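Look at the two complexes coming up: chain A is in both, with chain B in one and chain C in the other.
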Partner chain A sequence: MNKLTKALRMVFMIEIVEGMTLTLKTMLKPAVTRQYPTFKRKSFAGSRGLHYMDRDDSGMKERCIGCGLCEAVCPAKAITVVTEKGPNQEKVVSAYELDLLRCVFCGFCVDACPVNAIKMTPNFELACYSRRDVFLTKDRLVAEGDKYLGKKKGGAGK
Partner chain B sequence: MTDDGYSLTSSIYGEKMSLTNATEKEIVQKEMTINMGPQHPATHGVLRLVVDLQGETVVGIDPRPGYLHRGIEKWMESRTYHQIIPITDRLEYITCMNNNLGWVVAVEKLAGIVVPERAQFIRMLMAELTRLSGHLVWLGTHALDIGAMTVCMYTLRERELILDLTETVTGARQTVSYVRIGGLRNDVPRDFLDKCREFTEIFPKKLEDYDTLIRQNRIWLKRTKGIGKFSAEDAINYGLTGATLRGSGVNYDLRKVEPYAAYDKVEFDVPLGTEGDVYARYIVRINEMRQSVRIIKQCLDMLPEGPIMTADPRYAVPDKATVMTNMEALAHQFVLMSKWVNMPKGEVYVATEAPKGELGFFIVSDGSGRPYRVKIRAPSFVHVGALPKMVTGHMVSDVIACIGTIDIVLGECDR
Partner chain C sequence: MENTVTVTIDGITVKVKPTATILEAAKAAGVRIPVLCADDKLHPYGSCRICIVEIEKSPRKFTPSCTTPVTDNMSVKTMTPDLAEARKRILELLLNNHPLDCPICDKAGSCQLQDLVHEYGLGPSKFTEKKRTVAPSYHSNVIDREVSRCVLCGKCVRVCREQNAVGELAFTRRGDKSKVSTDFDQPLDCEFCGECVEICPVGALTTKQFKFKGRTWNLERIQSVCNYCGCGCRTSFETRLGRIVRVRSGARNYLCSKGRFGWDAVHHQDRLTTPLVRVSGELVPATWDEALAMVVTNLNVIKNKKGADSIGGLGSVRTTNEESYLFQKFMRTVVGTNNVDLLARLKVPKGLNTVFFSGELSKISDHDAVLVLDGDVGELNPLMGIEIVRAVNRNYKKLVLVNSGFNKFNRLASVVLDYLAPEAALADLLPAMKSGKGGDRVVAAAAILKEAASVAVIIPGRTTDKEFSQIKELLSLLKGVTTYPIVRRSNLQGAMDMGVLPDYYPGYQKVGSDTMNRFAGSWDAILPEAPGLNALEMLAGIKTGKVSALYIMGDDPAGSDRGLKDILNKLEFLVVQDIFLTETAKLADVVLPACSWAEKYGTVTSLERRLQQVSRAEEPLGESKPDWDIIQTLARKMGGPMHYGTPADILNEIRSMVPLYADLAMGGIWARERSPLAGADMDLSLWSDTVMKNEVITADRLLFSSGTMIGRSREISTLCRTKAEV
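Presenting the complex of A and B:
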């Protein structure tokens, strides 16, 4: 750029005008922002949000076998699995608790589970009024799964 | 007055009392200590600066980091090598992928794990996307601090595209936890490559837009040129890295010097500045974004087929289908996920080029599944140390420009 053009640009504030033109042009284009609660973005398939527990093949109970691997891998120590012996000496998951306030949504529990019991939905809207609301027990996790998969309670699980 | 800013109030009262008799000149000569931060919108988090002012000129500045200290290094000692991956997300929370990568590369070096080609390329692709997003946040906030508000709106608009891409691949926008020791969490979805290519077409045009807005803007030039100067020698002595160092003209980019992932297989230039001031570093980062786009394009073209997890059976996390059918894989999954395998004894330091600079992990292994000690060499922490030299002698409003230009994130600085 020679000196004259430089001086002219200086005097006529060309660079400011160029910037303003760009701003004006952008103003006339449709907005890219979404008015969030009214318009929601489509969620992506693999997004890591609220957890749910799958039902087993019979559809009557949760798929979890109580191996405790998710509890061991969880870097935030958000999961507690309690098992006990059932009437036929089998392992019964008596309690499965997931504290979402501790959870960091890393998805490690999902990756670790050897039977694909614990899974995640893309639901990220987890605001609530009480701490109790985000303390997920086994029943709540299964219910979340039913809600997400659109199945009725007790319906055939897969 | 103590060197602690808390005595501020008393000093103000002291000055007020003598105001009646003091001439204006005396007031200007009087040194005043003020606190900038930790709750200050322009300190990029919770950085506290104790600034000594003489009139409006900064005569001394004392950074006091530590308000975001979470004891991450100590915390890492009680987690397995695998469980540390999400913790590294919380270091530099704007560019999580690079932290994941830095950690994983260090662990892989410790254990001598060979990572398949495809995984390397996807890692590099994602790391560059994240670098773009990190630089966009930097540009937006830096310009916002200096007073150009529009740029921030535009950069965040483009960053949204990157975050969408990231979410399709990793399942999360920010705290991705995507890279795994020996490979990746999952392969990229089928439509990702097309979307990514589309992005690389759009993005350079947007970069032009940012240039139109500020590159020649006289206010921007006045606020950035000649501010925060660092000579090449000083920059090296202060341990600056990344674009902050390259703005002073030192050609040091770990992607070139010690290539990790697949950086030795792609072509890119290392943009350098000459002046070493805020403006030079701005130009360097803008050009770095261009180079990142170039790397992404090459990645998309060269992306090889193949597995995304290492073939080394000791460290490879078996995939779900194998776990469900194969007893041995199941047993191995249990070992890996609950306590990780025993690592070789030894020490390793591996540094990677994060968007902020050299991010290094020093691991001491005692042979168990958990590190004995981890030290994180965080670029932000080192850069904060350069602030006094950078700012002293400038005006108080230049402090903001200098905080912006060293590109710090306090999550990483305080750890």
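Presenting the complex of A and C:
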């Protein structure tokens, strides 16, 4: 490009015209930005969000058998499983605590669980006003599961 | 005959004893052979076949290494593709009848079967048959049997018979119905040491106490020392989330039922958590400041009114060396009296630390013969009992037993002298030793003892003057004698070493003007010149009004002897420092809550005179404090200069004041020759025909009883069928 063309482009502000053309064209196209939170996108399969605890086959209690493998595998030390002996010599999970503030949502706990008790929902909207709200106890995890599975099955759960 | 043979293990050549097995040779060569049924504590057995190896030029393809002795120039391969395949098949067969409960099995993480299956990478099994299931047994005390998990290695059966000489467990039934059980499948009725649980390579034997309390990989381990008898076994506190859940041997040795299960007294709901003071006849909770102020005022008032010698201090055998040292220093420098003693001296074996110094327990089995003068040794000092069994069962040594009853030692003994009291036995044995005359048994016993080039003599915890002189006479007739006095109380040795004695400063330095000057100089205090009252004199002094106040640290005289209640009630002022509201504490004017031995640091000295470290496994409960801290705070309030940051500072001072401890390494033993009392023909014990004459036994077996702490252990209390007061 010689000096003359360069000067002419400068005089007639060709670059600006080109830029404005693109801008005007794009203005007429539909927007790609999703207006979160007004519009929410469907989550992908396998996305990792809030944990929940499944119920066992009887449906009366949590599925967790208290093996502590999730606690062992968790890289963030977010999980504490406390167990004790039940009245019929069975292993009872007396406390299952998951501190979401520590969790890095790696999903290792889900993979480690031998009985598929701890699972994850795609729910990633976990902002809250109190630290206590993100400290998940066993009951809260089971309730999250009921809420999530109920929703999935079309509102059948409690 | 040469006494080593050369063996090549995986190309590594080692020289070993001709009696060694291939497994031992491999260990010497630093080669690991997987095992399930072999254990250093036990004779070879050979039931699991995991330890197979290939021996070059052997007609046999695979040979179990744990049962095969080495031969000269043997060449062994421990790992070949064939061996790996064979071991895999062995494991597959084991798993064929194994429940694979790993997620809920308390052994997972330290299970040898799990580890081996992981190591050999077993996939799905070829076998589709139904697994054998055997009903678990939960009806014994303390120990559960998940029989389905058993791999029939026989270790539990063997440890109980070979090491403990109890023989409670055995295989019952045949074939695939075989199981480990008791006679007629009755609940266990044994010593409840839990050694079978410890040695089981899988999760077939578990303790009720630890069941589902935590996974092995989550546990923190803190090395400490058992506080229930003088043996001073090393323990490992295993904690989960800051609370003890299990105690195991810290030295891969033995723990008795008290050491293994008795720790739960620490979690007893009656633990003292705040100081208590007596207000209009009632003990009410108070703050530390209030309680200590009350102690300071009352001690000062009594001291000014009646003199320092009207105050006495009773120390404890349950506290650490540092605390005992500080206690006597407090009494001597701050209160200003030598009235400081141990009531436990009533139970000290006569001649302990003077004529009878104890040898090392682990060396009992090295002696040619063992002479046991008290058949209850296994109940009083369980580890000593185990070492005696080892002498017979492992090292094939001779045992001469004096026993009025019948117990496990009777079956092991070469000669049993069945006399009601050692006195009578010795009266017959002595002439037999000297002239060879007497009944068959004493003559046989005398022959064994005379023949032996070395004899370990177990000295009874309590002897009469007559027996004392008889034993001394007997010892002079034997060769290579090592004495082993039975010391029931845990840190008795330490408390005595630390000078909780009215007439000795720390390190058995006799109270006198030159020692006084030396200690006064180092302690920067004015010390009383005359020796103080001993424990019995103090109690007598209360009756006559000579003693008006007592400071009792960690002892419970009223609990051990109900008759002492009235005497203690006569006191003007009584301070008790303890972890429970004991019978004595109930009489006190001020009760100071101490923390348990699992909640503090310090050192203790075992009956072997071995210095050992006690470590904190839990935070002190409530407002309780370590005894040393309480005494130091009190001393400061009374104007005594005590400034220790940690027990280690106190130990440093002890090292500078007590020559016996000056360069004593942790785990080391102070040499008897260095004691100022070595060779002195005297007696540090006290004797009374009235005080604590009868021991209050809280259990039907001596093994399960030992006072304040063990009486409050839930696990141990389940072992006692009856509660009797003897």
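Here are a few things to note about the model shown:
FYI, the second predicted complex is superposed on the first by the 134 of 158 C-alpha atoms of A that agree within 3 Å, B and C clash if a C-alpha of one lies under 4 Å from a C-alpha of the other, contacts with A are read in each partner's own complex, and residues count from 1 in each chain.
The rule is short, and it goes like this: contacts are C-beta pairs under 8 Å (C-beta built on N, C-alpha and C of every residue); 3 or more make two chains touch, one makes a residue touch a chain.
In this text, all values refer to a predicted model and were calculated from it rather than measured experimentally.
Steric overlap between chain B and chain C is absent once the structures are superposed on chain A; the two fit side by side. Once the two complexes are overlaid on the shared chain, A:80 sits against chain C while remaining clear of chain B.
Between chain B and chain C, it is B that contacts the larger number of residues in chain A. In the superposition on chain A, A:106 makes contact with chain B only, while chain C stays out of contact range.
Once the two complexes are overlaid on the shared chain, A:69 sits against chain B and chain C alike.
Judged by the touch definition given at the top, the superposed model places A:125 against neither chain B nor chain C. Using the contact criterion defined above for the overlaid structures, shared-chain residue A:114 touches chain B and also reaches chain C. Once the two complexes are laid over each other on the shared chain, residue contacts for A:15 go to chain B alone; chain C is not touched. In the superposition on chain A, A:44 makes contact with chain B only, not with chain C.
Once both structures are fitted on chain A, no C-alpha atom of chain B lies closer than 5 Å to one of chain C. 67, 69, 72, 114-115 are the residues of chain A that lie in the contact sets of both chain B and chain C, per the superposition on chain A. If you check the complex, the residues on chain B that touch chain A are 79, 82-87, 89, 150, 154, 157, 160, 164, 167-168, 170-172, 175, 177, 185-186, 189, 209, 212-218, 317, 320, 323-324, 330, 333-334, 337-339. Touching chain C in their complex are the following residues of chain A: 65-69, 71-72, 80, 82-85, 89, 91-92, 114-115.
Residues of chain A that touch chain B in their complex: 9-10, 13, 15-16, 18-19, 22-23, 26, 32, 44-48, 67, 69, 72-73, 75-76, 104-108, 111-112, 114-116, 120. On the side of chain C, the complex with chain A involves touching residues 102-104, 108, 136, 138, 144, 208, 211-215, 217-218, 241.
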